[in-house]
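Below is a structure I'd like to ask you about.
Every chain is named by a letter (A, B, C and D) in the order it is written, and numbering of its residues begins at 1.
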Amino acid sequence: MAKSTFEYVKKFELDDTILPNTWMVVRLDGKCFHKFSDDHNFAKPNDIRALRLMNFAAFSVLREFNDVLMAFGQSDEYSFIFRKHTTLYKRRAAKLLTTINSKFSSSYVYYWPKFFEREPLKYPPAFDGRIVTYPSEENLIDYMKWRQADVHINNLYNTTFWTLVLKGNLTPQQAEKRLCGTVSADKNEILFQEFNMNYNNEPEIFKRGTLLIRKSISNDQEHQSVIIDVHDDMLRDKFWVEHSSLLLEKKIKTNLVYEGPITDIIQEQKKHIKK
Amino acid sequence: MAKSTFEYVKKFELDDTILPNTWMVVRLDGKCFHKFSDDHNFAKPNDIRALRLMNFAAFSVLREFNDVLMAFGQSDEYSFIFRKHTTLYKRRAAKLLTTINSKFSSSYVYYWPKFFEREPLKYPPAFDGRIVTYPSEENLIDYMKWRQADVHINNLYNTTFWTLVLKGNLTPQQAEKRLCGTVSADKNEILFQEFNMNYNNEPEIFKRGTLLIRKSISNDQEHQSVIIDVHDDMLRDKFWVEHSSLLLEKKIKTNLVYEGPITDIIQEQKKHIKK
Amino acid sequence: MAKSTFEYVKKFELDDTILPNTWMVVRLDGKCFHKFSDDHNFAKPNDIRALRLMNFAAFSVLREFNDVLMAFGQSDEYSFIFRKHTTLYKRRAAKLLTTINSKFSSSYVYYWPKFFEREPLKYPPAFDGRIVTYPSEENLIDYMKWRQADVHINNLYNTTFWTLVLKGNLTPQQAEKRLCGTVSADKNEILFQEFNMNYNNEPEIFKRGTLLIRKSISNDQEHQSVIIDVHDDMLRDKFWVEHSSLLLEKKIKTNLVYEGPITDIIQEQKKHIKK
Amino acid sequence: MAKSTFEYVKKFELDDTILPNTWMVVRLDGKCFHKFSDDHNFAKPNDIRALRLMNFAAFSVLREFNDVLMAFGQSDEYSFIFRKHTTLYKRRAAKLLTTINSKFSSSYVYYWPKFFEREPLKYPPAFDGRIVTYPSEENLIDYMKWRQADVHINNLYNTTFWTLVLKGNLTPQQAEKRLCGTVSADKNEILFQEFNMNYNNEPEIFKRGTLLIRKSISNDQEHQSVIIDVHDDMLRDKFWVEHSSLLLEKKIKTNLVYEGPITDIIQEQKKHIKK
């Protein structure tokens, strides 16, 4: 039973270290979530329970991995950004990728009942993942903008589509045809003229997705670092100027002060804060 | 909101296709499972509930991915072997790795209550993963033998260690000292002489881990392909001779007939089998 | 002048070890050799001097690297096959690739005057290279067949094309048009009917390229291992049956006996053989 | 002779594209150059002919590849830096690496007689190569400083060592022992006190290596872009401030004006400059 006879097979494990001094982004995507959302009666075009569960699962990741600087989520995808100089798991790609992916996936199932009280989970979902490397701050910011621009484009389309279907009584085929070739202004116009609906008034979480970052809040006279969930506009450069300290290596425990509403995610952390 | 301005960031996603005509193995390992098992009162040295849950989560993976030929698990680790010529996800490493990892992780949480009735899951666990490539059948078989030899070595040690602690009233430190430098024969002797315990009579699942493979069973006069969970001795070449058809590409739906006991995992599938 | 301040940049050198137990093939290709051959008045369709120089440069590589099992060349390309279990340079891809590539390139220039006596080299040529990995013997043999089939296809085309141009007085455009859509049989027919030329009688080096392998020859009653240059037909399986010992790991110093003509390459080695 | 039957082997060629927006550095090193320099009677500690040949071979590379921004050489090594946004060969690592390596190697042999008039080249040398990626300008500058600090350290050591041997009549072993544990100041002192030699007066090419960059010179009232060979001190930040335009993407044809001496390398290009 000489284990050593077979141990040579370890040599087939090749090194997958990621280049130092780069921004590593792990992006997760729900596998077959079109079917999954139908099977679990997700509201259309957005299910607030599903979004809040995604956020909470991502929060569960950030809470455990201090080297994750921020995360951004929308629909059934979530991106996690490591601080630039992290040496977590020696920057081995598979290790970083799978640990984040696994924690997120198990958290999604674990916290399901917290958000879907009357909708039991019918089967365990899966998320695929990839790890991408960005050399410069500019590339990273463009990545964040890319994902947020994607929220806008998809959500405006989906909102108009489902309004045409649910309130306009069009079939999905008719709605699709109606929207074919339209630009943003057209869709805004349809919503406003035909359904008296101002897209701008839609919830920020739908229009912009959710950003998880670390800020400090005042907690009984002390400033405490917490993970906050916000829906800021990252497409404006103003955001990046205000949050420039976020990307600076030495400031992972940011001194950015948060004074917004106490969300569930923030509340969750206050429990653990020592007085 | 020109998404296209930022879309260039997609070009940073590099190709990670795995060499064709090789055996790809995904191995998952529990993250900090020493603590996790303490937190959830796992029996020592083996918790049958935990092992059965691992097996069921792995079964959940095999049931979904027909290109996974077999899987082998022990303790808090599980290996999944893809059929040699699979083109699933175009053999992209991250995609294969994360999809298996995620499905396993979410299944572990989802099926937890099925096996741990009175022990609630306190927090979502995480599993890391790696994907390793083996060029030859011989290398793959040695990989399987390596993992099974590992079960034997660990289980004999753990069984003796915990017997010394739980029945012999040694402290963990004393037990560790006692076992230092001993070989297999010594441990067998300790168990037999001092505790009247024949290691050979220990359950196969503890001594050999669990292999999930696809065989056919007779089901109301029809032969049906099912995933079976067995504890065969893969260290003997006899096993590989008998199962040689398993590794042949054209025989993924094997004609190997299974006539063993109907386990929970097999029973689970019979429900879905049409009459 | 603290070198150590900057030495961290070494950490950006990532590991590129190639999977063990695989066949590594380095293939070199002349860069812009169409122009290079025009600039140096290469005979069309084949320049025997150029082919012999390529072979000699490849021989110079094999003579230095014992872990190169064989090499196959045609036109301006050459493939080098390492023995399967080589651990040369710890199987690091860049190191293997560049060392072979560099030795070949410098040899090409160094030995130029030996083959091009009256044609001075006008400028230093360049060869690009790649390293490809094959898991099985079957894949490797198919690689060799692929390259040799390529010689046949190209040479039959080029021979017919240049015969039409040089003897048939067609312009290159007319010759190209004439050959458009023709199959092998058509080209053979053109050569035979119009130019009374039997393609089968063309030199083997043109039709089949050159294979460099290690065999033994009798040298004053002793058997000595030498690198031989032959033009065998590797497309026939007979070749691989006869040379099966070549691919067996333990037989790198093959016991295959060579009894063919003493080529320049073989002669070159006899000088160094001790009596 | 169906080539297509075997063509599947092309699928084993995996993608090796390098991350966009990074500095790619190709570094070449002479293989067994200790022996090579002995075999060709290189002067100790520096052979000016050998250094000039290295520079000329590197110049031959820069002249051909406009996307090589600069190069730095010392002893038997040379580094080539691509401009950050090059898309040459689609940034495929092996292609970039081997093309540079091959051109350099063949040039080294080709130009050998130009510098070693009375010393025939005995055999073709080889250079290995690697390609390394740097995400930031700071990393790249530190790379350049690292290599130049290396020149200083090695040259001061070698100068002192060979002075002790050649003028001080020590054996190499004695010289080595004498220098063991000495710092820079000690070596300067040995040279000055014992051999009346001021290390600072040593030729810049020995102390600092050679940098090849593109600048413009006035040529008959016109400004022409040329590759210049200088021995500037890159360890001082002043150099990088003055040459900051060099690293800016849009300025590959730099407007830095060169007013130094007309070296052989510059002279070589004037021939080709149109009036």
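Just a few scattered comments:
Heads up, the rule we're going with is that a residue touches a chain if its C-beta (ideal position, glycine included) is under 8 Å from a C-beta of that chain, and two chains touch if they have at least 3 such contacts.
Only a predicted model underlies this, so the values are computations on that prediction, with no experimental measurement involved.
Shared residue numbers account for over half of those found at the interface formed by subunit A and subunit B, and the copies are therefore classed as meeting with the same residues. In terms of C-beta pairs in contact, C-D outnumbers the other of A-C and C-D.
For the pair subunit A and subunit D, the distance between mean C-alpha positions equals 47 Å.
Each chain gets a centre from the mean of its Cα atoms; for subunit C and subunit D, those two points are 31 Å apart. Centroid to centroid, with C-alpha atoms defining each point, subunit A and subunit C lie 53 Å apart.
Shared interface positions of subunit A, i.e. residues touching 2 or more other chains, are given as 12, 14, 19-21, 133-134, 139.
If each chain is drawn as a node and touching chains are joined, the picture has every node linked to every other.
Partner subunit D is touched in their complex by these residues of subunit C: 1-3, 5-10, 12-13, 28, 31, 60, 64, 93-95, 97-99, 101-111, 121, 123-134, 139, 142-143, 145-146, 149-150, 152-153, 184, 235. Of all the residues in subunit C, the ones that touch subunit B in their complex are 19-22, 133-136, 139.
Those residues of subunit C lying in contact with subunit A across their complex are 11-12, 14-15, 17, 19-21.
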